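Both complexes shown next keep chain A, but they swap its partner, so chain B is in the first and chain C is in the second.
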Partner chain A sequence: MKNRLKVLRAERDWSQADLAQRLDVSRQTINALETGKYDPSLPLAFKIARLFGQPIEAIFQDED
Partner chain B sequence: MSGQRLARRRLVAAVAYSFGAALVLGVAASLIGELGKRKPEFAVFSLVVIALSVIGVMALVLWLCARWWSAADEAAREAHKWSWYWGGSTGLALAAVPYILLHAMPAAAEAALPAGMTTTQAVLFGMALLGGFQLVGYGLFWAAWWLKRR
Partner chain C sequence: MSVASNAQKLSPRARRALILMAVGAPVGFFAGRTLMWLKRQGYWHGLEFSTSDVVSLGLAAFLAAVGLVTMAVSLSRKALGRRINGDEAARAATPAQAGFYAGQGGVLVLAAGMLAAPPLAGALFVPLSPLLASAVMTGLIALFLVQTAGNISLWVRSDELMRRTMAETAAVSYVLLQGLLFLWAAGEKLSLLPPLTLWDAVNVNMIAYLLISMIVAWRRGFVD
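Let's turn to the complex of A and B:
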């Protein structure tokens, strides 16, 4: 699954550690999410969407 | 303070308390165990105390596991679940090879044991070996999970 996490984070000038703290996850998890190598659970996806003030589908795109 | 940080702080405190409690239980059990060795009338009592101490320490370990689990985020949990399933299963499958071979050739198994090893030692060694295979498998798969997602 592709996502715009890295772009959204960069727009706010946040580091991976900043975003990790805001989402209450580890920096390694943020890295795995940004590289598209780990798909978040629905609760985490909603949390990300709330944090960036965008709908989930505007952040995550199915690659099919 | 974030939830994960708070959970980590609680985990550190829980580890400290558990080590203290395990130390007290261990010292008490070893003293009473020694008493049981010296005075046969205390043998059953010392065995019960040692058993209860081991149960107590294992309960502490499980409690720590629960604390540690709540301090881990979802990706860390996923890595552990995946690694226990695949690493543990692979380790178990590999451990089955010597297990079946030694079953098929008991004479070779006897010859492979170090001289002077008692039956109890051999059983304990076998149990440790089985756990070791699973633990190594888990460790390798856990490392692979994170390396793949760097």
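Let's turn to the complex of A and C:
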């Protein structure tokens, strides 16, 4: 699954650690999400969508 | 291109690893030589270890070293921040992160103690009396309970990536090791393979678990 997390984070000038703190996860989780090595759970995806004020499908796209 | 300019290109992590290797190799070599000399001189009489014991003591030493380094780093939130905050290394770790990594180091040290105690007790006290064996076993059960509580506490404090990594490691380990156990048991039953002790199986289990956890953590992006 592709995502725009890195772009959205850069637009706000947040570091990975900043975003991790806001989402209450580790920085490693943010890194794994941004590099596409890990897809978030539905609760975390909703949390990310709420934080950036966008619908989930505007942040995460299915690669199929 | 000079060696010095190549060395400057190395990341701080690679430089630290090289320094540790440069220090560790001669220390290990001379420690080994000294132990062999002590044994030849008869100072180490009776302290005999089987191959299986040597493997578990080696594993225990590895776990203890990693655990102690993790605990030492977690004592300084700045030092821990440099290790875990990637693109923002100047950011200090939070108290919760320091506590989490201290806990991780703690369970590794406890695991090391549990792996080392049975072969050490068997080698240091010959013959091992039933009373002493019972005392060691009681201590091991206590360590096991404390370590289990520590592992549960780490699970509760982990985020979803960490839990996913632990769960995947457990699943892959189970599938792989139960298959290996079956094949070895079948080979042993058919007199094609030598018999294994349960302690041998514990060593294989631990080595496989460590390797699998490293591969899963790498695949899941724990390493930048």
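Structure notes:
Note that the second predicted complex is superposed on the first by the 64 of 64 C-alpha atoms of A that agree within 3 Å, B and C clash if a C-alpha of one lies under 4 Å from a C-alpha of the other, contacts with A are read in each partner's own complex, and residues count from 1 in each chain.
Rule of thumb we're sticking to: a contact is a pair of C-beta atoms (placed from the backbone, for glycine too) under 8 Å apart; a residue touches a chain by one contact, two chains touch by 3 or more.
Everything numeric here is computed off the predicted structure, so don't read it as measured data.
Here chain B and chain C are compared by how many residues of chain A each touches, and C touches more.
With both structures placed on the common chain, the touch criterion links A:44 to chain B and to chain C. When both complexes are overlaid on chain A, the residue A:31 reaches chain B and chain C alike.
In the superposition on chain A, A:17 makes contact with chain C only, while chain B stays out of contact range. Residue overlap on chain A between the chain B contacts of one complex and the chain C contacts of the other covers 21, 24-26, 28-29, 31-32, 35, 37-38, 40-41, 44. Residues 2-4, 73-76, 78, 146, 148-150 of chain B touch chain A in their complex.
Looking at the complex, you find that chain A touches chain B at residues 21, 24-26, 28-29, 31-33, 35, 37-38, 40-41, 44. Those residues of chain A that touch chain C in the complex are listed here as 15-18, 21, 24-29, 31-32, 35, 37-38, 40-41, 44. Against chain A, the residues of chain C that register as touching in their complex are 84-88, 91, 94, 97, 159-162, 164, 219-222, 224.
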